[in-house]
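Letters A, B, C and D mark the chains as written, and numbering starts fresh at 1 in each.
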């Protein structure tokens, strides 16, 4: 039992009322799925791994929105702004200083730039008393400004160092992530990139679980539920919102860097209204108050969209629209929380005596 | 720079901003629903107009049909989908986004990638070596007429007053005998009809294709944000401000700078005036009245 | 409806029969094994989203070419299979689908993409996988890539046919309006280079963001500059609004173009006289009056009775698929390196536009370029016709893919003073 | 003739918390009946249940003998019930005049509007016709809320704590006006209140409410005995 106790202690920081999936059964399932995901490239090859890597890196973007929107109640329609800023920053840094060492450095620097952008915008909004839905529209407008601006940088005067911004065409041939120097350098592509992305996603997921179930997490949820009351309880609501916004910006930035290296390419369309809407869709469908929901919904929706597109059917986009509408109308709390409730319900009915202690939150 | 050029370009831009935004502003300002399918509603209005004109209807009749079609579509969508989402702002955004997707692709499947376009009526106004499309210039008085009409509707008619009461406090309004469901439906239909009108008015001068809605979206959102909560005053003021900025910057530095200047204005206005231009006007008015 | 359907199934039955016969024959000739080889072509063209208008004819023409080949017994006796998804005008999806086509579907050759942005998005994947790739849109030019064959006319070819004609007929003062992105910028560079070569001047230039739909100020600017003609290098649905607006504003300067009509068939979609006095330099328009073309046009509409137009790109897909088939037959396999080597020898092609030829060392076509005029009633007439070869890579840059492996795109600014906007 | 209002075994809940339990209550034509109780006793919930903003979990509400089950708040208002919500629930961005106009939805079958009477009772509303309601004082807003429910000449007036946040002199004035109105027009009034003075000034008789139940009925004589009723109101 010593091992089980140790494991129980290990999972404690990641559990609490703010996340789904508490209890031993969940973590056993989590480990099984994780092992399956780690083994996926071995079973299905490097092409399958590289397609799956795209969905996993998108899931990080979805997590960034979940923590801002679902847990703190601020709908940022412009998460893609930080995603794109980091992607462009990474491209400019790594291409200007092309060596293995620099892509190692460019990753954290680009994420830092995204976080900084979030800090500036967040300060601007939350300390400027921009409220509610106006935050949503303002973040969208910021993304659209970047879209308009970057799309016009086709001329040769728009060159940063040796790299042309490329306007509407974007920047091609962005180097892949490389770790190490010289002979020993490892370039992350195919399965290796997949594993790196998976590790980043799992780390983000667990980190956010610990965050939202900790003291700061309660402040976030309290802010979402009632700003005035939270303020009266002695929290600096503006600071809470700003910190969460910066964290979200950094995560979106991480996702953006991974995106730029996945396809070795970035273009202004990442700032466009279509791409800006997609994270909102993932999170709304998955269940905006569930980290797991965001991840699952992102992977499933993107896989589904890709499959539909590969059929070449003209009804593909209509099917996507109808599925989204249906999920909003019939599963308003999100698909994953609904499933969670269904599983609990079934367990209560059939197997309550077996593992009742595990189902209940502490 | 020619002063008449600038004047006409301002008229053109003002009309575009106002007409792009007004349907969105009514639905957002009165009901708190952000209609991400707004551009597609405009597209439906343009399709209704162009298809009717191609079938032989005179242009004004075709435009009326375009408005009607969009209004009816708004009615159906409100009764089936939107009315379930009134207290769920964010879900309504996802739902309207999905509707936009369906409408765009649906029109593509039904009518192909393009339909034969109608030409712009009314010729041009020539002055010196310059000339300007009469139709485009006339959109300014039309935009003003629309704003005036809405002003009368929402402040001078029983319907408008009840609708505003419903927005401010739906429970109390209901307890005073207002059928609030009908108010919401009617407001949504009016917003849809306005989007349809925009589509109808621009059908002879823009390219009518399934994806055309996106070209209105940026201006519409920017105008709503800059305008602030009061629908009519806000839309008028932001039309004026953004129209001027666009005309001046486009003339001085080119189209790209016109667009960027507009977007930056939006950001600055939001930062400085959290309630948009309406908020500014209210503050000034209160200060004047206070003295 | 039912009659048509049975006709189709009979045809596909015949095609299958032919394929089996051909396969048996191929098996005899090459001696076992290879008869079971399949031929799979990737056709990734937009049928929804922003570029559906341009992509749909490309898809249709590809299907027509493949159906015709299959009726004649396929390639190397094998019926041609296709992987034909809809990338929905989304470049990120193009990347995914290109990877899928190469790594999972194992296509033998790939046709993909309308815009230059799309091509540049997927070219790294193409090059990494050494995938034989045909890009068929008319484009800015300069791509010198060992795995990419650019089948469309380049800006220099298109503008090289229409610009001298305009100078000769209307005068030497040119005003350029161009889409503000890579293609438009480079095309405007070419206008400057060609103006210089033809002793003309560019007296004004304006780049218009792709999102712009309102051309009031642009029209005023043109009137202010008072040029002899305008070069209109506009792109996309939003820019199509320009034509109605210039007509209703009464701007009647003649206009030359390399982009409109042949791609987006504006003369069919807009009410006359929106496109009156527009002159385009293209390798193809559906209206080319030759018997060969008219016969092709009727085959196309027989298969796609509801289709809107056959654009320039569609025809490029059509002839290049046929060209690929001939190269594969000549090599005797679908080995991509061998086929590339075969194509690099050059090839004469009988295309709907006329007899043209592949310039092997640069992977581009010598096109039969025509100047088309659109009149008040939107009737298209051919004003001028000449063979124009790809010159920038072959003569100015000195690209030779037969000898050197390369994956570069060259730009005119590095070779012509006139093209370098930063010099002004 | 049936009573104007008749509640029988009415229970109501927010989410799943029962707030009203088995309430029986009758109001005869022309009466002014009070319901007194402390904060949180369920008084406002009772009003909302009667007007139809809240569906009862069980029980029957009858208006002039008809069961109201299944009718919405606006239909009840149209049928002649005028509701005055708690606090300053006027429409703040509408002018005084516009607020009154919304009140025309009450009692659709009336023979005449009562604008004259309203302006007569509350002259301040006449003076401030074009002023935005949100900019007026608490007492004025309360008058407006009452006037708004009155213009349609309702048969039954539901009044939810008109004394709250209003200075005593104005409460008195309002109470007086309502009595006068009741005498002149015969309007039946049901009001809930925790202000002793207001109850004594207005009510013909009164119910006492505690934790969602009616615990007592107080007749006209007992109403004058401050100590007797204060026990129901003590905090």
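Everything that follows uses one rule, which is that a residue touches a chain if its C-beta (ideal position, glycine included) is under 8 Å from a C-beta of that chain, and two chains touch if they have at least 3 such contacts.
Predicted model only: the values in this text are computed from it and were never measured.
Peer 1: Going by average Cα coordinates, which chain is farthest removed from chain B?
Peer 2: D
Peer 1: Approximately how many whole Å separate the CA-defined centres of chain C and chain D?
Peer 2: Chain centres of chain C and chain D, defined by C-alpha means, are spaced 77 Å apart.
Peer 1: Which integer distance in Å separates the CA centroid of chain A from that of chain D?
Peer 2: 53
Peer 1: Counting in whole Å, what is the centre-to-centre distance of chain B and chain C, each centre being its mean C-alpha position?
Peer 2: 38
Peer 1: Among the residues of chain A, pick out those that touch two or more other chains and give their numbers.
Peer 2: 148, 152, 314, 317
Peer 1: Residue numbers in chain D touching 2 or more other chains?
Peer 2: Not one residue in chain D touches at least two other chains.
Peer 1: Using the touch rule from the top of the page, what residues of chain C touch 2 or more other chains?
Peer 2: 48, 180, 207, 209, 211, in rising order.
Peer 1: Once you've mapped the touching chain pairs, tell me: line, ring, star, complete or other?
Peer 2: The chain contacts form none of line, ring, star or complete graph.
Peer 1: Which chains touch which?
Peer 2: Those chain pairs satisfying the definition are A-B, A-C, B-C, B-D.
Peer 1: Quick check on the complex: what are the chain C residues that touch chain B?
Peer 2: 48-50, 52-53, 56, 180, 206-209, 211-214, 216-220, 223-224, 226, 237-238, 240-241, 244-245, 247-251, 264, 268-272, 274, 306, 308
Peer 1: Please output the residues of chain B touching chain D within their complex, sorted ascending.
Peer 2: So the residues of chain B in touch with chain D come to 158, 161-162, 164-165, 168-169, 171-180.
Peer 1: Where on chain D is chain B touching in the complex?
Peer 2: 51-53, 72-74, 77-78, 82-83, 85, 89, 91-94, 98-99, 101-108, 148-149, 152
Peer 1: Which residues of chain B touch chain C once you look at their complex with the stated criterion?
Peer 2: 2, 5, 8-9, 12-13, 16, 105, 108, 112-124, 126, 129-136, 204-207, 209-212, 215, 218, 247, 250-251, 254-256, 258-259
Peer 1: Chain B touches which residues of chain A in the complex?
Peer 2: Residue list for chain A touching chain B: 69, 75, 124-125, 128-131, 133-134, 136-138, 140-142, 144-145, 148-149, 152, 273, 277, 280-281, 284-285, 288, 314-315, 317-318, 320-322, 324-325, 328-329, 332.
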